[in-house]
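Questions regarding the structure given below will be posed in turn.
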Amino acid sequence: MEPTTLLTASNIITAYDQSTILWGVNLSVLQGTVTTVMGRNGVGKTTLLKTIMGLQKAREGQVTFKGEHITNLAPYKIARAGIGYVPQGREIIPKLTVQENLQLGLEATPDYKPRMAEEEIYTLFPILKEFRRRAGGNLSGGQQQQLAIARTLISGPALLLLDEPTEGLQPSIAIEIGDILRQLVTTKGMAVLLVEQKIDFAKHVTDYFYFMERGKMVKEGNAATFDFNELQEHIAV
Amino acid sequence: MQLKPAKLINILFILFFAVVLPVGNMLGLVSVNSISLWGRYFCFAIAALGIDLIWGYTGIMSMCQAFFFCLGGYCMGMHLLLKATALQQQLLPEFMTWNDITTLPWFWEPFHGFVPALVLSLLVPAAVAFVIGYFIFRSRIKGVYMAIITQALALSMYLLFLRNETNLGGTNGLTNFKTLLGFELHKPGTKLGLYLVTLAMLCVAYGCCYKIVHSKFGKVLQAIRDSEPRVGYTAYRVLHYKLAAFVVAAALGGLAGMLYVPQTGIITPGRMDVKASVEMLMWVALGGRGNLKGAVIGALLVNCVYSYCTSVFPQGWLFILGMLYILTVLYFDKGFLGLFEKIGSKIGIKTNSERYATGSK
Amino acid sequence: MYKKIISVARLAILLLGSSTMLLTACNSGTSKTEDAGKDSTAANTVKIGVLHSLSGTMAISEVSLKDAVQMAVDEINAAGGVLGKKIEPVIVDPASDWDLFAEKSKELLTDKKVAAVFGCWTSVSRKSVLPVFEENNGLLFYPVQYEGEESSKNVVYSGATPNQQLIPAADYLMSAEGGGYKRFYLLGTDYVFPRTANKILKAYLLSKGIPKENIIEEYTPFHHQDYQTIVSKIKKFAVGGKACVLSTINGDSNIPFYKEFANQGLTAATCPIMAFSVAEDELRAMDTEFLVGHLAAWNYYQSVDVPENKKFVAGFKAFCEKKNLPGGAKRVTDDPICWAYTDVYLWAKAAEKAKSFDVDKVRTALHGLTFDSPAGTVKMDDKVNHLAKPVLIGEIKPDGQFSVIWKSQGLIDPQPFFTLNKQ
Amino acid sequence: MELLLKINGIKSGKWTGPKWLWPVILAGAVLFFAVRVATDSSGTYVQNLFSGISLGSILILVSLGLAIVYGLAGIINMAHGEFLMIGAYTTYSVQVFFTNVLHVQSSNWFFITALPVSFIVAGLAGLLLERLIIRHLYAKPLESLLATWGVSLILIQTARSLFGDLTAVKLPEMLAGGWRVNENLVLPYNRLFIIALTIVVIIALYRTLTATRLGMQIRAVTQNRSMSACLGINTKRIDAMTFFIGSGLAGLAGCAMTLIGNVVPDMGQTYIVDAFLTVVIGGVGKLLGTITAGLGIGIFSKVLEAFFEAVYGKVLILLLIMLFMQFKPRGIFPDKGRTAAD
Amino acid sequence: MLLEVNELAVSFGGVQALNLQHFQLEDRELRVIIGPNGAGKSTFMDILCGKTKPDTGSIVFNGKPTRGLTEVQIAEMGIGRKFQKPSVFPGLSVYENMLLATRMKKDVFTSLFSRMPAGVQEKIEAMAERVGLTSALHKQAGALSHGQKQWLEIAIVVLQDPRLLLIDEPAAGMSDREAEKTGELLLELSKQHGVIVIEHDMHFVKQIATKLVSVLVNGKLLMEGPFEEVKNDQRVIDCYLGRVNAQLEKL
């Protein structure tokens, strides 16, 4: 069966005050795939995610999710529509405990009931169970990252937006997170839109690549056919 | 070329108040009462200039400006009262007598002379501001903390001045003044004279503030408002600049208070309660903060409205004033002046600050 | 676009709300101008100024005085006016702002050219307008008890002078009839009236042989709310027996004081409070159970049993109800209200007698004038602009009224400058 | 002065002295008090301590609402005192309703009813204010200060035209009198009630904030507004709810205040500056700080008042606070970390 | 030796943000610091310019220790700082921005009463020319584009005429052409000043890294060396491309 398109962004233009960051971005995410946007610092990857999430108003262009317009809706409405967002820097609510942070994920559900049982989450991220009474702000970076992902999973989103999830993580955890993402996509049919700078990690999880430069997509392709040497050249030196 | 309308407004303003009103008064068209009313408004305008300097330009919300105003006022009031007491051939002001005080307290002594009183009414507020400012700015209290601390300070000073033990007349304050430099205060001529002096002082204060704001010092103040850390990294001692602005603002408040007292005939702690300082801030906010003309216009306008409304809508004026405050903050964050400019730009007049507005587009 | 509509709607709501509030607030204000303006060609009316705070802290007390003045004006106008002219009150709001008192009085005297001004409550407001009245030779009718030490020819003081309130109260407390109290706690708000009153009381008590250590003097700031410490001091003081409090506490501090007093276990039987500033109007809307049995000294109570007073009280209630004033028929009268009302009549009577509204002539006519006031017959002094009047000690009853428990013999002459040896 | 600061180990606004000094001073003060209380036969110290706690609990009651509103929305609500006034007038109205319409003779019932009613009425008034005005001033503390000042003027005058004059509420029978500890010491029931109410409110507020969904949403929004929105929280609704609770708490405080004072249109003004000080000293938006500061100011004031007169006590307290801010410009419990530095 | 740093450490809320054993900079040297986000690069600059107070360590600038001094004192000693997020005075015109920065007496009285020293105007105009802001000289700084603000901030720092310039991500938000121009300017500046630059853009680093490049990771100095050496160092590649490498963890 042909996978359906879950999210499309067409011709998005976004600007902070005077400076335009996104210059007409086009992108689509298929159901049950991991789509990765790569690019150097400051090309607008994070802004793209923020625009999809409604945190940053798009000046032009459209975002559709499950066939419905969600352009410039309030973030909480987009979250309730089924998009989970794990921002750069994780943004754990620092003075809430791990368990409370997890519980906050339920806000995106209409009936305040978990879509994924707490136990299931704890089997995915055993460390969270151990630390569930600790304040979120006292966790290490990797633990926070796991918590941030777990927090969105609890509401069973159709699409997960991940912004540089491996930044500042020790490699073993990065691999672990990659594995979990793959697992979610294959077993639950979830879609993931990943923003990354690190090729190794991206390669490990991605189905479809976009490469972004100065607010525009300049290259795209299947993971299998993507020319990584060229990409590496672009990103590194 | 673009400066012309602004200059024209200045000239018209001075012409109206320095020539038209006094002549009208001499011809009997303008009552003495309105003359002395305007004289008092000018005092408020001078204080407002100080507030604009510290709040509008430097971005420090000081909620104890009314206290500085009163310090100046009390200095002058003490002098006037001593003169009046001497005139009535009494040893001590009346209120001291009923407070069982037999000798003049030491801090009253310097106020026998006019010149010391004059100097002190500028110096005392400035010195107090220096001490307070030093401690506040040194520990980098700013924003909300600054506002609350100065407000609390104003409150505590207000309570202190209310006490009769402070020997400053308690609640009743200082009143029953008779003469200033030998001129009888109730004579219309004296009133007109005071009015003109106040107007002149307003012009001088405006001129000074204009110079300050347009000097490099003024630019540093605005820089502190916009981006205080950057000023530090640019090797300016922010503490000194803030302190200087605070002291100047306090001195302007003192000057205003000093001119206010002989025209009003009374100075009481009521002038410096919490309300008074907030109201002073409102003048500037309403007129247009960060703009000297705005401060003057705001002070004049709000006080006109206040005087008018308390006579015409004795029970409703608070609503009018309150609404005015809310609407200003919500809708015209640049105050009346911003509003005028908006209207002006719609009908095609380009004023000075309009250039900035178009520049920012 | 949507946002714009919202913000316009918000502006509309704000404006609408404010204008309705304004209208309701001005309701009573507009009705009076209509009344006054009905048949007034300028020549047919005489203007008087009303200078009572209608907003700010003093409004609580002063609004009632404004009502009393208006009532008297209405009555006089209904009876044909003064010298054939209707009285037109010019009401301004000095907003409890002492500077504004001076400004407004200037406006009334010089711009509005009123024949007389009825107004002021606090000493400071009177002091603030005094130079204005002296400079412009105006006439101010001041209806509140005051501290003396002042007697201007431009002010008619219808309230009590110290000797018309303080001294009889002290005498009463020291007398066998009053309980023979020997220890006095003088407690007041820190302003000129309590200061002077306590100075006089202290001197008087000392002259009567009360030892110094049996007199304690203490002051609190305006609007003081927390009387815990002071009441516990009084309690300790009262342990010695035969102790009472002479209170010159002002305005809104009274309730917290009396409540704390009762709650710490003090009663009128063990230590009565003799108040010089608590009157019926303040007790009106209040739970008075704490105050029952405590005392006050005034020249008038609503319970005074004379025909003029019955008419006055009934008239005042009817007036407030008719004009839709807050409180309506539940309003009560008290000492300052009585004198504010009497003042208008005194002025009208003097003007009739002088056949002129000229200030100097009215003043001359005032001297020696008698009037059947709600408090009984009172007489204007021959020399100073003060009233000779009776002194009454009242005990607070549960309904917030006073029962008169002692009355002076005849009228007590005013003595604005109090001296001990004269007593 | 410089020398003095140096001796105390204080340089350029930062405490560099030994860390144990403050706790030791605090413990010393507590010990001192404990000894005085224990050896106190006349009840003076207990009385002072009680007065201080009582005043402190009032301050806490008034400040709590202010603290959560400021913490969440960055609004300096100068009209907060007027919500207190609204609560007090609500209590008064409830009393009038009970005696005049329902003809209930016992004065207990109206007060019990008035507690929740005043909370709700003041809360709704706060909600209205939030909708109309505050919503547009979030995170602009100084502008909000001015706008709410206008609101406070209007509310005071509205109360004045509606109610007109000095009113006071009947003290409920059950709270009349006091607890006679000994001959010299009577602890009035109304003050005991206010202390108890404050404790209940603190516990309730704490429970609400920690153990309910709303509380979690409020805490989440306070700490990270945009991320909370991304998790599906309607932040605007939470703002409104917080304002409701904050104003409601002021209303409740107003209701409690009728037990000790009278009801006048500008009663809120009496406490507003003190309340602000409490919030600021506690460290803005910190409930524990607010509670500590409220108690501290209350006890300090009363202790000072016992030695000096009331006014000087107040002036001294303000000077002490100024001095305190020299060392802790961001309150007792400041926000730590990089962001707090500028 | 212009700058010498030893045993510098600071932590925020228990997290070690910077732990630098040794760092030194010659006079008139241009040094580039690279490293992943959160490596402590900006924190290092914050400490150097006095914004952040370190927990331990010594900083000797131009032979004098700077620890414990205020921002102003450090600025007066001759350290200028350009921030990652451009920090200019938005309410003032570009000209006024530059005027405030220009090296002269900066006490209150001079600012109030003295006339501008001769040559300042020319100096500002020359600088404006150099950073391409001549036409925008009388525009309000707040109205400039992001790139222009970057330029203005660089101009501000340079006009201060410091001995040491700390430049944080100058090329962010600039076009390639602009970045190249910035690089040229920095190279020119390094002929008279000491310069430390933080940068991610490798093109840009390649352009300006004429001498040493320092790599910071997790608050520690990973390595120091010429650009070619750094570029080909396996550990550096790993930390930029994310390849798992055990050596990173041992640091």
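The chains carry the letters A, B, C, D and E, assigned in the order they are written, with residues numbered from 1 in each.
By our rule, contacts are C-beta pairs under 8 Å (C-beta built on N, C-alpha and C of every residue); 3 or more make two chains touch, one makes a residue touch a chain.
Keep in mind that what you see is a predicted model, and the values were worked out from it rather than measured.
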**OP:** Moving only to chains each one touches, count the minimum steps from subunit C until you reach subunit E.
**Re:** 2
Original post:
Relative to the centroid of every protein C-alpha atom displayed, which chain's own C-alpha centroid is closest?
Top reply: D
Original post:
Across the interfaces B-E and B-D, which one involves more C-beta pairs in contact?
Top reply: B-D
Original post:
What is the chain whose Cα centre is as far as it gets from that of subunit E?
Top reply: C
Original post:
Among the chains, which one keeps its Cα centre farthest from the Cα centre of subunit B?
Top reply: A
**OP:** Could you please state the distance in Å, as a whole number, between where the Cα atoms of subunit A are centred and where those of subunit D are centred?
**Re:** 43
**OP:** Measure off the straight-line distance from the CA centroid of subunit A to the CA centroid of subunit C, and report it in whole Å.
**Re:** 74
Original post:
Per the centroid of Cα atoms for each chain, what is the distance between subunit A and subunit B, given in Å?
Top reply: 57
Original post:
Taking each chain's centre as the mean position of its Cα atoms, how many Å separate subunit B from subunit C?
Top reply: 34
Original post:
In subunit E, what residues contact two or more other chains?
Top reply: 13, 51, 70, 143
**OP:** Quick one: which residues in subunit A touch 2 or more of the other chains?
**Re:** none
Subject >> For subunit B, residues contacting two or more additional chains >> reply: 159, 162-163, 229, 315-316, 318-319, 322-323, 326
Original post:
What part of subunit B is in contact with subunit E in the complex they form?
Top reply: 212, 215-217, 219-220, 222-223, 225-227, 229-238, 240-241, 244, 356, 359-361
Original post:
In the complex of these two chains, what residues of subunit E are touching subunit A?
Top reply: 13, 36-38, 143-147, 172-173, 175, 200-203, 206, 231, 237, 240-245, 248-249
Subject >> Of all residues in subunit B, those that touch subunit C in their complex >> reply: 31-34, 36-37, 40, 94-95, 97-100, 159, 162-164, 170-173, 175-177, 186, 264-266, 268, 270-271, 307, 310-311, 313-320, 322-323, 326-327, 331
Subject >> In the complex with subunit C, residue positions of subunit D that touch it >> reply: 42, 44, 47-48, 50-51, 54-55, 132-133, 154, 157-158, 160-171, 176-178, 180, 184, 186, 188-191, 259-262, 264, 266-267, 270, 302, 305-306, 309-311, 314
**OP:** Would you pull the subunit A residues touching subunit D in the complex into a rising list?
**Re:** 53-55, 74-76, 78-80, 85, 87, 91, 93-96, 100, 103-105, 107-109, 112, 151-152, 155
